Amino acid sequence: MTIISATGLVKRYGEVAAVDGVSFEVAPGESFGLLGPNGAGKSTTMRMIGAVSTRTSGELRVLGLDPDQHGPEIRSRLGVVPQQDNLDTELRVRENLITYGRYFGLPRRLVASRADELLEFAQLADRASAKVDELSGGMKRRLTIARALINDPRMLLLDEPTTGLDPQARHILWDRLFRLKEQGTTLLLTTHYMDEAEQLCDRLVVVDHGRIMAEGTPASLIREYSTREVLEVRFGSEHNAVAAGRLAGIGDRLEVLPDRVLVYASDGEAALVEVTARGLQPLTSLVRRSSLEDVFLRLTGRSLIE
Amino acid sequence: MSSVTDEAMRAGQAPRRFGALYVAEHHVRIWRSYLGVNVVSAIGTPLLYLLAFGIGLGVLVGAGTGPGGVDGVDYFVFVAPALIATAAVTIASDEFTYPVMMGFKWNPIYLGMHAAPISPRQVAGGIVLFVSLRAFATCLVYFLVVAAFGAIPLATGVLTVPIATLTALAFGAPLLAYSAAQREDKGQFAVVQRVLVLPLTLFSGTLFPLEQLPVVLQPLGWLSPLWHGSELGRVVAYGADRPAWLVLVHLLTLVVFALVGWLIAVRIVTRRLES
Amino acid sequence: MTATTERSAPRRGAVTALYAGNARAVVGRGLVATRSSNWVVVISGFVEPIFYLLSLGIGLGAYIGTVTDAGGHEIPYAAYIAPALLAVSAMNGAIYDSTWNVFFKMNFGKLYQGMLATSLGPLDVALGEILLALFRGAVYGVGFQIVMQLLGLNLSWTALLAVPAVVLIAFGFAAIGMGITSYFRTFQQMEWIFIVMLPMFLLSATFFPITVYPEPVQWAVMALPLWHGVELVRGLTTGVIEPVMLVHVLYYLAMVVAGLFFTTRRLRALFLD
């Protein structure tokens, strides 16, 4: 039994196809990511799965139901964390959870006890009667996630869950999401952060211009589309392109970016030795492991964060 | 690169003299997107008030008062100068409330201006300058419309426009001071609108002479800039019979309200921007 | 990639997708939010029509004396304008609640996006907001009725029926207001609402009978919704009950139906497209 199955999913706004024939499946308990730059069609896909946007064509089943026909039934079993927090600023923290639960038609008493549990989970118990505006960015995000869990959903949809948060807040949030995953909640998330996808996703698709470029686990994607290591060398803005011409043949592949040259090789240090052996003196050099960023660059010829 | 720096250094001197103008220019630019709706309302509103008060209420009032009219003239002649002054006060109450809080808080453009070489006094000056301009322009349109319908018998009636603008400042400068001191929106502007501005427009001798009110309520009218502005307007518009000392009192009251309001407003804006 | 299957028929109009029968959750949210609102603001909304009544009723009333209403009866000026002010305050409250308030929540607060991600549908949200507006309208209406009673401006027991009439008027304006607001995207456009409301406020037999105007102007005024509201409430508070009042009621029922139709259609397009 799959929890989401999409086949040839298309969403057109006038002439523009935001999602252009996307197919994938998500199994229960899986943590699945949509990775891509801004404007790739991730959020639109999420909105269709969340039954708040009708598709133009293709097939889509969420929890076995057609979202265009059974919007309320599907939404009643989903938790949605939108890209921008849309907490109710006229209500206090705990009131936000309770009121949201009432939107699902849940009885008041059940919602009240669940709200207290979720405040614990979100580490906000001591903030229960604070105003929303008094919370930090990370706290607001955790409250939004707690709110999305009020109806004990089968699946959580997270749109760019940590965008705009500082590193510490991101790690707290990842920890909370990881706990949910351990408890068996299905997670579907979009991100343009590689480290986030690597941390949280069992499996992901790389999306660009509304199409799926590749699919797999983070490790398998890196194996398939990149080398084990990457050597980054800088020769100064004016000289990178010229220097790259003399690097041909080192490693498996070269990428010339405006500010640096990437040399893909299984052994980065060995590649660096070869570079200097050709009489080139880079201003700086760095050897690192390949990441999903490199996968994206390979697939699209563009950098993910522009 | 360095030529830009020189230019900025030189330009940095200019705001010391013209900062308020730049602030006003900013507001005029924003206002342009409202121009369509403002032009329609500037022309349409006085027409409408003439239709309602001149013809509609005028018929009822005329039937009650007989040929003597109100204050010796037709009802719509009596009301016209007050309508012009009320329009100015309405603009002041719109522009000196939410937009001020907006500029300090939600879309903090005043903080941005202050980060550029513009002083707090110039920020306040620019706001006041812009509102004066807007009030003047709107009142001029009002004047032309009502004059076209014969509601302003005397040529000196054109002075209702500067008088109304002064009334806007007499009411608006203290309001600017109040608004600049507000740090959070708790609906206080809605309260100001309903509990201050509305009674002001209704009980300031605008639609009927102040003497019609119970004696105990009349002193409230004396405190209202709108009463002073409307009465001054009546003197220039149809030669209303008022003693010279009273005319002077009206004028002085308006000037004092505007000046005192301005001084407090500058202090508060300065404290807000420099603390 | 799999071949795309073009859909044969667009799926529209399924009521289940629009309405979860849970508008009360939206009302509940509004009441909780009201609890934390500023009570001075709430009370100040109540004094607004009273200021008009005192100013015009006392100040101008002294000049005017009595007015002949549509049915040919002589009534004191204050008793003539009081029901009109009641209808106007119902209109103003409903329009404010369904325009500025909704505009803000829609474009800035993102409140509705959050609601519609739950099992609520757009119709639940629209109905809930409108019910709240009606509740507030009824509270203000009762308050003003009490003032009228104290000032002796209710001339008949039928004045009791003015409160449900006020709720109907508020319903009509709230439904239409919400429909219109859903089409607006900028503050500038919102200003137009008030440009339309001002002539309606001044000319709809609120402060003087429309018989002072030539016939074509009278017909134009009678086409506007507020005139029907004013006449309905005035008939009830002065005790002049006539069959034509059914027309006024029908006018508002039509507004309600049209308003709800456009609002729902528009909300669906905005949030579920």
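Labels for the chains are A, B and C, by order of writing; each one numbers its residues from 1.
Following the convention adopted for this analysis, a residue touches a chain if its C-beta (ideal position, glycine included) is under 8 Å from a C-beta of that chain, and two chains touch if they have at least 3 such contacts.
Since the model is a prediction, treat every value here as computed from it, not as a measurement.
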* When you draw the chains as points and link the ones that touch, which shape shows up: line, ring, star, complete, or other? -> line
* Asked: Looking at mean CA positions, which chain is nearest the middle of everything shown?
  -> C
* Structure fact -> Chain-centre distance (mean CA atoms) for chain A and chain C, in whole Å, is 45
* Take the average of all CA coordinates in chain A, do the same for chain B, and state the distance between these two points in whole angstrom. => 53
* Structure fact -> So, in whole Å, the Cα centroid of chain B is separated from that of chain C by 30
* Structure fact -> Expected list for chain C, residues touching two or more other chains, is 37
* **chain B-touching residues of chain C, taken from the complex the two chains share** => 37-38, 40-41, 44-45, 47-48, 51-52, 54-56, 58-60, 62-65, 67, 77, 188, 191-192, 195, 198-199, 202-203, 207-208, 212-213
* chain C-facing residues of chain B, complex -> 33-34, 36-37, 40-41, 44-45, 48-49, 51-52, 55-57, 59-61, 63-65, 70, 186-188, 190-191, 194-195, 198-199, 202-203, 207-208, 212-214
* Asked: Once bound in the complex, which stretches of chain C touch chain A?
  -> 1-7, 11, 14, 16-17, 20, 22, 25-26, 28-29, 32-33, 36-37, 109-111, 113-121, 271-273
* Going by the contact rule at the top, pick out the chain A residues touching chain C in the complex. => 7-8, 10, 21-23, 50, 52-59, 68-73, 75-76, 78, 80, 82, 84, 86-92, 95, 99-100, 102-105, 151, 211-212
